[in-house]
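Below are two complexes that have chain A in common, paired first with chain B and then with chain C.
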Partner chain A sequence: MVRHCVICNKERAAVKRPKTGQKVCRECFYYVFETEIHNTIIDNKLFKKNDKVAIAASGGKDSTVLAHVMKLLNERYQYGLEMFLLSIDEGITGYRDDSLETVKRNQQQYELPLKIVSYSELYGWSMDQIVKEVGLKNNCTFCGVFRRQALDRGAVMLDVDHIVTGHNADDIAETVLMNILRGDIARLQRCTEICTTGDGCVRRSKPFKYTYEKEIVMYAYFKKLDYFSTECIYSPNAYRGHARTFLKDLEVIRPSAIIDIIHSGEAFEVKKEVKLPTQGVCKRCGYMSSNELCKACVLLEGLNRGLPKKVHGDMPRDTAIIPHFNRIQVSKGNYDDSNKPIEESKSNNKIDQG
Partner chain B sequence: MSLIKVKLSFSGGMELLFNNTKQKHIEISSTINPPNATTMKDLILWIRENLLKERPELFMSGDTVRPGILVLINETDWELEGELEYEIKDGDDIVFISTLHGG
Partner chain C sequence: MCSVQETSLDLNVNIKPATKDCIKCKTTKATVLIRHSTYCKKCFQHVFVGKFRKNVEKSRISSNSTKLNGCGEKVMIGFSGGPSSRTMLQLINEYNETHPHETSKKCAYSEIIVCHIDESVLFNYDSTSSTFSQESTILQVEKIVQKYNYPFIGLYLQDIFNPDVTKSGCYSNVLELAVDDAKILQLEEGSVVAPTEKLLHLLNNVSKSTAKEDFIWYLKLCYLIFTARKNGCKRLFLGDCSSRLSIKIISQTSKGRGFSLPLETSGEIDWFEDVIITRPMKDMLSKEIGIYNQLNGLESIYVPSMTSMMHPKASIERLTEDKEFPSTVSTIARTGAKLTPSDSIVKENRCVENNKIWQDRITVMTIPSLHKSEECNGQQSSSNKTTSRYDNCNTINDESTTNVEFMDLLCYACRVNMLYVNVINQRIILPPYVAEGVEEQKNNNRKQMKKQIENYLLCDDEEL
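Presenting the complex of A and B:
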């Protein structure tokens, strides 16, 4: 029995869309996949014409598809974005060095400039060195905190207005669940936002917020995109792993569960009486922080205190202080009328520049 | 009973469970469970018993593949082909892709 695509009614269906249950052929799948992402970008007014945008690129499936789709949409709809690939080198031998090779191939394939920022240059410690010091227990905490800052710092070096990340609908639903399980109300409120702007930090957004992982992987497979898929050698994040398994089990029974959880997260409202941490600035490095010192400086201090115990090669102690974070100066010009968000224009795809 | 040829592919990290094998041509009985024709359910069990090198819990859950593993039968989402009930035919091309690895 041949099932025809419900969109074109001509070709044989190749994918069952998890979000809608629609059976679609390859070409129609590409079309709806790309168009939904375009609509997400337009509906949320993510970019302005001439924005400089860094694509956070790990070489994995999500960021590889993101780079491909961003380049395609930028050309198809004339967003006028200037795009870069931004990669973080955590310093994990046998894992990140290999995935960075994928990013370097992506750079050639997509003809986008690439900037790599390493933990060693920023913090004076690579993940390999950190794991030697702290073992395999809290290493993911270090890596997560350091990566977030590293992306912002890389974006400042590139002088971009915006970072886009490959977080997909499954990732966001997982994060909603984790924040509920941990009772982290402040993060629960923030984690479903499609675009976040820390005080003085670079805007960060998730064009794949409503895009299912299954579709990203199918798209990469059909388009034969070149991506890297190996688990990090330093044990995966166990807590997230449980949330993920739970979510994947739910998805089998009810595919809309993922988008439903995101909607629940969006609908949460914290009572006004509830005191949430106020966002300030780290006294030591200038990065945004709700405490006197940001998480990265606290972690780094702990690492450096342990230093005398061991000799860390040729790394002088003073390199292990994070360089000061130069916040983005938001000039008024950024927000005047000549720089409207990119919106759909009916007549043609050209964007009025005023 | 006759033998049928099937091409298997493992990607997205799945290959790590199979000694880094990305592709494998196999020949299996057309009726693993006589008199019934061999189905995807039989094939998945056959793969676990004959090819899987490590950590079966990362490949299977219950009598099917672990949630998060995508399966394509002749370049079509297996959800359109009856999943476990699909009857394997000679020359079939079956792909397993893990989505569980980092983005």
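Presenting the complex of A and C:
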């Protein structure tokens, strides 16, 4: 017997939605998938008309679907957004160079301008070099911290108002669990925010906050989207992996668990008497930081001094100032990029127009 | 109500290097190892009891500051018979007998009642012969409590369906859930459905063990609170230890209970207004409790939970128990302790009102245009269909509360639970206290409406 879609009752059901367990046809699946993202964008007032938005594109499934859906919704609902693709080249041979090829194909498919920012140009270190120096143990810390700042730097170069990232519901639920397990109360509060803003930082949001990873894969699969699906060659993050398996088990027991966790995370309220670290700015580069120096500067300093093992702790005051960051000045809540020769001199920094 | 079973009560814990002195007195050889610290028996007990006293003192001071120094409160101990509540019973007893900080011979608590809820109904009930294959735990528990000379109340979980387990004490109506509505029903005297049958009928129609466990837990908690209230107890002691609490923090988070999590994991909470819940065991690990009980010869009984001995993936609760997290129990417990119930929660019996639109917006289950032409209004009314199962239109007649209205009175996580209640062919009956809560809430809404239009009403009839 042919099973009909529970939504339209006409077409043959093609998938069982991971989020709800409903059996739906493809068209209805597309509709609910896209509409949920649209609702998320509208309800949280993520964009203003004529905003310039950078889509953080890694070439993976999340960002590929994000680029696709953003372009589609922008046209369907007339958000009036001007969109760019922004990629970070961590300099991982055999991984990032391949995925960047995917991004370049995406750029042509979606006709969006693409900008690639590389670690070696920003920090003077590629991930390959860093791994050579620090080994495979803490390397993900470097990569994560550097990428966050690199995205911001790239956004400033593109002069956009907003960055959207492909973090999905699974990622956020994992982070909630991880922060409980680690006892990181400050991050626990922040991690479910859909949109983050800080002094001198570009607004950053996650339109996929309520979108299940499985549905993203499903969407990419049915739409035959072109994406790159290889794990990073430098070992996956062990701690996150732990939370990830737990979350997957939870999802098996109760499919709504992922959304339930996010809901819990949003509901948490920290007692007034609990001290939270105050957010300030890094004294060296002006990036937001809860310590004197931001994590990126601390890590970089360690690398340049040849003390890569020392990942934690503040740096001594007499450290030489890293030339690159010296040029960043904070002005009017935005980086002043007017006098930076690096960007213009490097060829791959120019915006490829199609 | 700690049901974590301490499997290894091994006193001869391997200590590396072979012999070490107690880190506290530094004179005796250590025999107990607790999280990298070694203690001798004496110091261990001293520290252990100290932690307990600190928590109890704190709660007494805070409650005494609000009302003038009375001669101690009347309290109730929720006693499951498990190791943690067993220790708690002993320590409360000791604390009440000798009270070091006050010169006057006043007791800390004027009266102590011990209450136990028997759950044997959940296990292997044979409906044909109306017998349980598992014996009631009440007798075993009573034997323990007799040593202390405290009044003992032994309850059966199924009696939550009794009319006296309500705020008013004699509310006999029940809430019946059906496919399209939830009705408050007057149960005829003639119907001789035993409470056991009702409870089992309800639970058997909950399709997932996660939801079932949740149901059982809330029935139990409500029953304890009602009993405490009925007996005039100002305080209810629950024996959750820190191992248990950290499991609860993770599993409650996973079930979407972020709002109410602080209510169920904090050391002291006055959410239920007239009954304060205190968890004096919140800083003890289940290992410490096991050792203490062994040292002092405190016997406990084995209370199985519904998913005991089941596969780890049987329920969220079970999975969380099974998981060994790479962080310490105390980290999680401390994280949990920093949370507080949000101010925005509307006070309600057990569920909190929160943004109801939220779920419907991010999980679109129907295409509005197919049901209603205008999307905006369609959202409001078609969002009524909390699941496609309730797809039949709601027939609203005066006497019934629609299912939607009932769902509105539930918190997010309870609504999720309700999705697993099978109402297609069955009429599910919820206990009177739920029905009472629903009616009360409805009346409150009417009152609020009336207040808004008060000035425009011409005659002042009391009809609500």
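Throughout what follows, the second predicted complex is superposed on the first by the 306 of 354 C-alpha atoms of A that agree within 3 Å, B and C clash if a C-alpha of one lies under 4 Å from a C-alpha of the other, contacts with A are read in each partner's own complex, and residues count from 1 in each chain.
Here, a residue touches a chain if its C-beta (ideal position, glycine included) is under 8 Å from a C-beta of that chain, and two chains touch if they have at least 3 such contacts.
Small disclaimer: the values here were computed from a predicted structure and weren't measured.
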Which superposed partner A:C285 touches (first chain B, second chain C, both, neither): neither
Partner chain in contact with A:V6 - chain B first, chain C second, else both or neither: second
Partner chain in contact with A:L85 - chain B first, chain C second, else both or neither: neither
Chain B versus chain C as contact partner of A:I194, first or second or both or neither: neither
Which superposed partner A:Q22 touches (first chain B, second chain C, both, neither): second
Contacts of A:L46 with chain B and chain C, given as first, second, both or neither: neither
Touching partner for A:L181 - first (chain B), second (chain C), both, neither: second
Which of chain B and chain C A:K214 touches, first, second, both or neither: first
Residue contacts on chain A - larger count, chain B or chain C: C
Chain B versus chain C as contact partner of A:V252, first or second or both or neither: both
Set of chain A residues, in rising order, touched by both chain B and chain C: 249, 252
Of all residues in chain B, those that touch chain A in their complex: 11-13, 16, 66-68, 70, 72, 75-77, 79-80, 95, 97-103
Touch list for chain A against partner chain B, complex: 3, 12-16, 23, 58, 60-63, 166-168, 171, 213-214, 217-218, 221, 229-232, 244-245, 248-249, 251-252
Parts of chain C lying in touch with chain A, wherever the complex brings them together: 208, 210, 249-250, 252-259, 261-262, 312-316, 319, 323, 325-327, 331-332, 334-336, 338-343, 354, 358-359, 361-367, 370, 388, 412-413, 416, 419
In the complex, chain A residues that touch chain C: 6-8, 19-20, 22, 28, 31-32, 35-36, 39-40, 43, 176-177, 179-185, 188, 210, 239, 242, 246, 249-250, 252-254, 256-257, 259-261, 263-272, 274
